[in-house]
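All chains are identified by letter, namely A, B and C, in their written order; residue positions are counted from 1 within each chain.
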């Protein structure tokens, strides 16, 4: 199969994205998710398969390659998982047969709970019969399924396209007049959210500049140009100002299965400071950031380190040689420190993230 | 029926985890119940269920600590109740159920390996782990981690650039609590040391002293209850509280057959609690009272002078102390089980799925 | 509503500059300002005599500037003026609403406003003080100890150059002469608690100096007292603190510190000279990035102390490796809270969370009898030009991608303001121990130490 031209084309697309991910030319979770989706669409449309397992395997192997290219960019894996989930769903509906209901055992009972009285009404409409592994026409399966699959992928696509709008839909219910909001870093999601709220409310934002990448400066500029009264402060003054802050609004890099999250470094400081003043911490994030992972790194958030010269420049001369410089990208924020996740599908407390994950992905895809 | 029960208890005792055996209480209970089904001559589903329930009752009555056992019985009975029967005859159905029970017990033996696999990811190099008492699943996890790490350590050791690793072939170390009164922690320590894992026994009372050196707590369990909380050897609760105070993750390991439909509201709401636990000795107060009517200060000295010095043996102390305690869900970071790593809230999702769907 | 002002203002000045009250010129100034502000407020309270609901908020806004009025009169006056006017929506365009300051969020209005260097000199100011004022306002001399020593040293010159006018005694008149000097320094930068305490002590010495003593002898005696104060309360105190703190640093320890405290620096160097093997993590943050200075001095000893450097957001990744946290302080308050460089509170908070012991190194003369609830009630804003000076220094290597941000930030649009609070307040609960020259004490018991209260002399 590797020799045929179509899969070679697939390979090329995949490799292209892999190299861009590896060189960090592609950053930002949403952009990465979109690119991944484009690649997957291409792959599916070109792929040849005669049963569902083959298709799943193709997608998985592509997913694995992409994830390995940049393991810290969780939205890649998440997108792959989501597509797999949708594909299975489409397959099951197209296949008419309800999901595997062959044998009932205790293990299954524990896993799936009480047997459902499956009210499978035999659909009256005559469908094109879905034949797997047809020896005469190995492509028939793919031919029938592909249009539905494309539709399913398009759905994921649409969801990503509208993610900011849907998150900020209810912004005005979360931000009230004359409130003081603290945020940090540059998060497009939060940016949209705050600007949406500004249509209805008159409030103030304090932005911590978030050294050493200073995403906060960009954020402050963007917010103030939208007419929001904005204060830019150094990270050091988060605690001093916290007593007057009504809400902390943060972006996320990845939401983890236990309700914690990876976020721009600095987020943990802000969340902890908020906790000591009992200030609510609100996280705005699209559901494509839901990641079926746990924080395995008890402290170091995601163990991803940035360029040390951003912290201590070479203009410091000999200091650079003598001193270790640490510059992590992300913090791991424990679920206890967060109050709510505002997503494109409603608001969720950290404790219900695991349920959301179950609904969004299939368990077997957690490990791609 | 009478006879059945005595047979049943015998079977249960045989399959019970004697030293070195791998079967845990809930599984032993399930096996005992299937065995009983085989010998039973119930003619209808209703009769069978009544019999099973009676047997479960009898089992738990004769057990000192029936919580794990109850979890197994409960699961099996619930399963039988809900088993979609389209079998032709009842005897056929019974055979099928027996087969299911045996099959599950066999299958479930692999669960610990599955859990060990999940928990393994969390054991980073150089981590220091605190565990309590003796738990087969914890032990298996640690042994698996040790085996893997040693291999990976050797591999990187052979690599000339990774000299650091070659000197650190042993990649994690373990604190085990003594776990009075039964001292099961010592057994854990012996087994870990035998495997070559650096291991220190700490006093139950020294957990707070040691906690700052610990990276996370790994805890076995008797049962995981509906709140997402944990029932385990006494001392688990205080370890969880200490871990919380020190902001250390507290991970529980529990096979899914230990999920128990029970909602303890407090320590004293556990079925294992009885008035004898933590009771004050009657004799003391009874003797002290008549004397204290006169001169209270003298009375106590009289008591000391008259009676022989009061001796307390470990057994005396153990007698009115609890075997297990209950750990609140908010103290638990994660529950590793064969159905996945769950938050405490996630546990109740499974329980509700089975028993309340 | 205007009632609280004179009271609270005098309460503040009692602890800081009691002697000033005797000074006629200063008192007159004060009165005029108070009257002016009161007048404004009366007008304003007359305006909104109606609904008291929104007034309750207004009063809190106005009280705070009043508290500050003693220290930064012009700032407080302006803020208490335009706060109410903007609130009432009346025309607030009086001469004081200069530049961006008038549109800032009202709750920030009580922060000390950054001074522009080279402010006006009013009255007869000694050249040494003028120079010092400039150094203060340009942050050339920075840090509670350094500022206190510099002030006292400058006062020595002033005292030596002072000639008692005829028909006056030194003990009565010298303070009158010093008052405008102090005022000048305060307008350069709000007074530090250390300066306040030292000046109070000096004032005591002046009023207690023997009338019969020849003038030169009296002046010499005063200078000797100043030297003693510097020696006893700062230099020797520091040495004792070094001894105490060094004992807590063990071989193999990782010491974490934030920004730069002169005392912490001395402790670390002392530990190094005693051949202790330890490494240091320096956490730093804008606006001042003082940690780099510390880094230079720690790495220039032989052999260099192994150092790790990180900015504040990276702290969570490092705190777990630290064995002890050493922090400096600007002042320590009666309720045990610590007023220190902005960021200190977060370091202490995170250290507490990870149960890493926090040692605060602080001489007893930094004690202030006031109570501090949060870092918001009292603070000071960094000078913008200083910040940008540092930002530039710092940003060049980094912010090539964000280069256009730098100076255009403030100017580009009117909704954006840059605030650089210099201090924050760490609650007592986050501090494990305070190392003072009288030993290690819990932060809340500083007020039970007589020395800190200035009731005994060494």
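Methods note: contacts are C-beta pairs under 8 Å (C-beta built on N, C-alpha and C of every residue); 3 or more make two chains touch, one makes a residue touch a chain.
Fair warning: this is a prediction, and the values are worked out from it, not measured in the lab.
Compared on C-beta pairs in contact, A-B and B-C come out with A-B as the pair having more.
Put simply, the chain farthest from subunit A by mean CA position is C.
The most central chain, judged by the distance from its Cα centroid to the centroid of all protein Cα atoms shown, is A.
One inter-chain figure worth recording: subunit A and subunit C are separated by 45 Å, centre to centre, where each centre is the mean of the chain's CA atoms.
We define each chain's centre as the mean of its Cα atoms; on that basis subunit A and subunit B are separated by 37 Å. Here the spacing of subunit B and subunit C, counted between their Cα centres, is 58 Å. In subunit C, 353 are the positions where the chain touches two or more neighbouring chains simultaneously.
Shown for subunit A are the residues in touch with two or more other chains, namely 298. The touching residues of subunit B, when paired with subunit A in their complex, are 75-76, 78-79, 82-84, 100-101, 103-104, 107-108, 121-122, 124, 127, 215-216, 249, 256-257, 259, 333-334, 339-343, 345-346, 349-350, 352-354, 357. Taken in their complex, subunit B has these residues touching subunit C: 212, 246-247.
In the complex of the two chains, the subunit A residues touching subunit B come out as 104-107, 109-116, 257-259, 294, 296-298, 351-352, 354-355, 363, 366. Of all residues in subunit C, those touching subunit A in their complex are 105, 107-108, 285-287, 292, 295-296, 299, 304, 306-320, 341-343, 345-346, 349-350, 353, 374-376, 379, 393-399, 402, 405, 409, 412-413, 415-421, 423-425, 427. For subunit C in complex with subunit B, the touching residues are 353-355.
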